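Chain nomenclature is as follows: A, B, C and D, assigned in order of appearance, with residue numbering initiated at 1 for each chain independently.
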Amino acid sequence: MKPNMCVDFAGLKLKNPVMPASGCFGFGREYANFYDLSKLGAIVVKATTSQPRKGNPTPRVTEVRGGMLNSIGLANPGVDRVIADELPWLQQFDIPVIVNVAGETIEEYCTVVDRICQSGLAHAIELNVSCPNVQQGGLSFGVDPKVLGELLEAVRRVCTLPLIVKLSPNVTDIVEIAKAAEDAGADGLSLINTLIGMKIDINRRRPVLARGSGGLSGPAIKPVAIHMVYQVAKAVKIPILGIGGINTAEDVIEFVMAGAAAVEVGTANFTNPFACPEIIADLEKYMSKRGIKNLEEIRGCAL
Amino acid sequence: MKVKISDKKELASGIWQMDVSGDFPYTEVQPGQFVHIQVGDGHDHVLRRPISIAEVNPEQSRLTIVFRIVGEGTEWLAQQSVGNVLDVIGPLGNGFKSVKNARSLIVGGGIGIPPLYELAKRLKVEGNKVDIFLGFRRGDEVFWKERFAKFGNVQLYTEDGALGTKGFVTSGIEARLIENPKLWDYVYACGPRGMLKAVQELIMDLPVGGGVSLEERMACGVGACYGCTCETTAEESKRICVDGPVFDWREVKL
Amino acid sequence: MKPNMCVDFAGLKLKNPVMPASGCFGFGREYANFYDLSKLGAIVVKATTSQPRKGNPTPRVTEVRGGMLNSIGLANPGVDRVIADELPWLQQFDIPVIVNVAGETIEEYCTVVDRICQSGLAHAIELNVSCPNVQQGGLSFGVDPKVLGELLEAVRRVCTLPLIVKLSPNVTDIVEIAKAAEDAGADGLSLINTLIGMKIDINRRRPVLARGSGGLSGPAIKPVAIHMVYQVAKAVKIPILGIGGINTAEDVIEFVMAGAAAVEVGTANFTNPFACPEIIADLEKYMSKRGIKNLEEIRGCAL
Amino acid sequence: MKVKISDKKELASGIWQMDVSGDFPYTEVQPGQFVHIQVGDGHDHVLRRPISIAEVNPEQSRLTIVFRIVGEGTEWLAQQSVGNVLDVIGPLGNGFKSVKNARSLIVGGGIGIPPLYELAKRLKVEGNKVDIFLGFRRGDEVFWKERFAKFGNVQLYTEDGALGTKGFVTSGIEARLIENPKLWDYVYACGPRGMLKAVQELIMDLPVGGGVSLEERMACGVGACYGCTCETTAEESKRICVDGPVFDWREVKL
């Protein structure tokens, strides 16, 4: 029996629960050379800011055991060009487009979210709150429940699409942050973003990345991600997008059992450009073989 | 894509040549493009390694790469045996454009030399008169001098002076340009940043074409991650993996 | 030229900078079957509590990509038996003995520290502050600078030995915590303890560890550890013991360049029981080859 | 310790026998002890895998292990070729103590059977009269029945009834004990928890000796990490890797 792969996520109808993670798939053009993007559950595009951004100096990627570090620094063409060039192109594929939004001030977030919603070219917003808050000394919006609440209340007012908040794992208590997001009106949560890490080139005696530190992603962070999804799933009612080190259909199952409704695949796209469609095909096989009719059946079953 | 290793040999200490064959769009390859190679069993390393295509032989379904062992990935690659299968994506990037019947200069430094081989071959076929300046740090690192000699006039430089002229390729190039600033119509280069910068300064004000190949650490290799950017005269940064690795001399900031 | 491997750490004279990490080496007896413990820079013994503790139900260890999870739960024979049976036995080796102390209340910490100091059988205390504070709702002592300050002030009063505080990495801002420890009189800092993680057995549909979550250790956490050592080294004057995923002499060099004065090796002992002496031998070779006369020369050079 | 794989074969579906040889303290091995095996290249897996010693042959410097593929580590092991080198530590743990000239019962279930092989051999040599009850889930998983027959009277049980008697070993043992509660002086067992618990209940009140071998996930394998504890009648927990894997029947809580 063929399982039903469809998933409802915060009002979005996904034909399957697997989508590429923000920053790991550009705006889709590059991977469209490898396969038909309509196979995806959805697409989450690169972080979009109000102005074009060049990002940090290079080197800005490097490998570590079980993962990689990046300090891309939100390089993107800015919301105008995203709306003019990227989102229209994505309409040809029959999948929801989720726009990842970043900013340095509450105003910037609001402007970008408003523009994206007005454009009519996106289906949901994923708010990346790991960005430094320039108005509050550069601490990330995502580490303080009060600051996060203020941001979300402002964004909520202009956001006419489902609002998914992508949390930073670099916090003492992820549950407290997740609840603050739920209380402030988030329709869903994405977790996790990257852990902060560093690698030192012992020959050059300097950090490998020009910026010093970077975000750790890949299989190395999966246990941390599973644990956070598990904890948050116990504490909130809104659905969760599980992210962190997903490489196989079994990894997807693990996240779903920990409470995720759907997942994002990041670093694995670099290892294997066909990662997403392969995971989707394997997931269907896995579910048929075990008689899992739909993912709802096993969602959170390990809680 | 899966390709099989059909031959491998150590060209110089720590520098390996590897031939691979299999289903690959050989005829589409532009000189200067690269392949993105999975190292390890697909679990141990999350990132592929970019290695330039040194030569392509569509009749024999063969692709040649040359690499230097600098870390775990290249170490793993050197340890693979003939007959083993590699997972590669490519050809990737934006290669060298060559023209017919021009006077061309090729400048290569160290492990930056192999990507220029297919170019030299094509320039020769297309009737160019080619000067080839090859620089190495040490005499025992020299490779492919004879191979390049088939396609043009090779000048060899080593920093230790053990082979060829002692010193940097740029001193030789500078001397020639002082003699005759119009000596070359096209200049093509690949090698260490310092060398490329020196060449750029020499030719910046001359009306030459050609291009320069850059390197940066890469993740996706296909333009999606914005990991490998560089600064150019354009307002936004360029991605070396898709907008390069070959850039116009006047475009890049070295 | 032979490098000088000696290191001064918070008043301890170490013949080299490498010591086994707490909980990964028992009280040394088992590894004494493999090699002479006098080769070590020091030994850090298993967490010691006031009463014997059985720890958590099993399974309490499992492997993950690039690391492992443990939920041992401070199993130990209690301070009386540690003083009676374990510490006397360790005196035969010519190395400093560092006793890792854990507790659930400020009183418990103080009692254990006092007993250990009075015994005259230890050379330093490593205070494990990742333990849940039962008097404050179970949140770890190590996540709140104020709570940590109170604990350390109390411990400082009874602690006559060098006091090394081992920090939890599961916090929003490690620098703030490190500074609080320094201000409260810590003589040195150990970082990092394990990250919190989880693995789900998708066949049994339950977490693999009986307790659910566990501590993530091994190479997977090295970038996080390097970054925290780096940040803290910039902010405090007291010396740092670097911990997290160390497997090779090059890893030690990386931690030292990030600012550590010495290091602890944990999980690697399980991979290879000879890990510590092999790392020490390789480190000496590395230093000779590169002309590094002593580690002080490169300490923090990447900062 | 480095040992070389000298032979390997698949005994039943997914169950492999492997012989290794090399410098190993063969003569010190007690039946029921285990070796702790590094899997992968020493990077991919931070934990070793504990596998029991099935047989030891000091004259031929040979150690035999039998394992079932259940995950990445055992999969890797099964893929190693004859001639490959394994890094092992051992013999570890506390094995079965055997006595002379007694009437002994050996009870094994599935992959718990191999650790009992060396024991059966020694019991026979030491003049015991040995009854051997072997249980498997399915007929196609049966292995080593004939090998054990050299040392005693073998009774085979399978849950699917494809070979031997259908059902659990414990039903056969119970029947015999009802006939004669004094039938055996010593009982030795290894296998699934459920089986061990059932045997324990059958013999708890009888004056028998012997021991039971337990399993738990292990990290260090040598007693240092407290990862593998179990509850016994003693006040503190016991570590299966050093205090076990073989425990006294009356000591363990199953």
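Worth pointing out:
Following the convention adopted for this analysis, a residue touches a chain if its C-beta (ideal position, glycine included) is under 8 Å from a C-beta of that chain, and two chains touch if they have at least 3 such contacts.
Given the structure is predicted, the values throughout are model-derived calculations rather than measurements.
Each step here moves to a touching chain, and the least such steps from subunit B to subunit D number 1. Measuring from the averaged C-alpha position of subunit B to that of subunit C gives a distance of 48 Å. Chain geometry summary: the mean Cα position of subunit A and that of subunit C are 34 Å apart.
Mean C-alpha positions place subunit A and subunit B at a centre distance of 36 Å. Chain contacts: subunit C has residues 65-67, 219 touching two or more partner chains.
Of all residues in subunit B, those touching 2 or more other chains are 43, listed in ascending order. With chains as nodes and touching pairs as edges, the resulting graph is a single ring in which every chain has exactly two contacts. The set of touching chain pairs reads A-B, A-C, B-D, C-D, using the touch definition from the header. Against subunit B, the residues of subunit A that register as touching in their complex are 23-26, 29-31, 33, 46, 52, 54-55, 58-63, 66-68, 70, 72, 75-77, 218-219, 267-273.
Within the complex formed with subunit D, the subunit B residues making contact are 43-44. Note for the complex: subunit C touches subunit A at residues 64-67, 69, 143, 170-173, 195-200, 202, 205-207, 212-213, 216, 219-224, 226-227, 230, 245, 250, 253-254, 257-258, 298, 301-302. Contacts from subunit B toward subunit A in the complex involve residues 38, 42-43, 45-48, 87, 89, 216-230, 235-237, 242.
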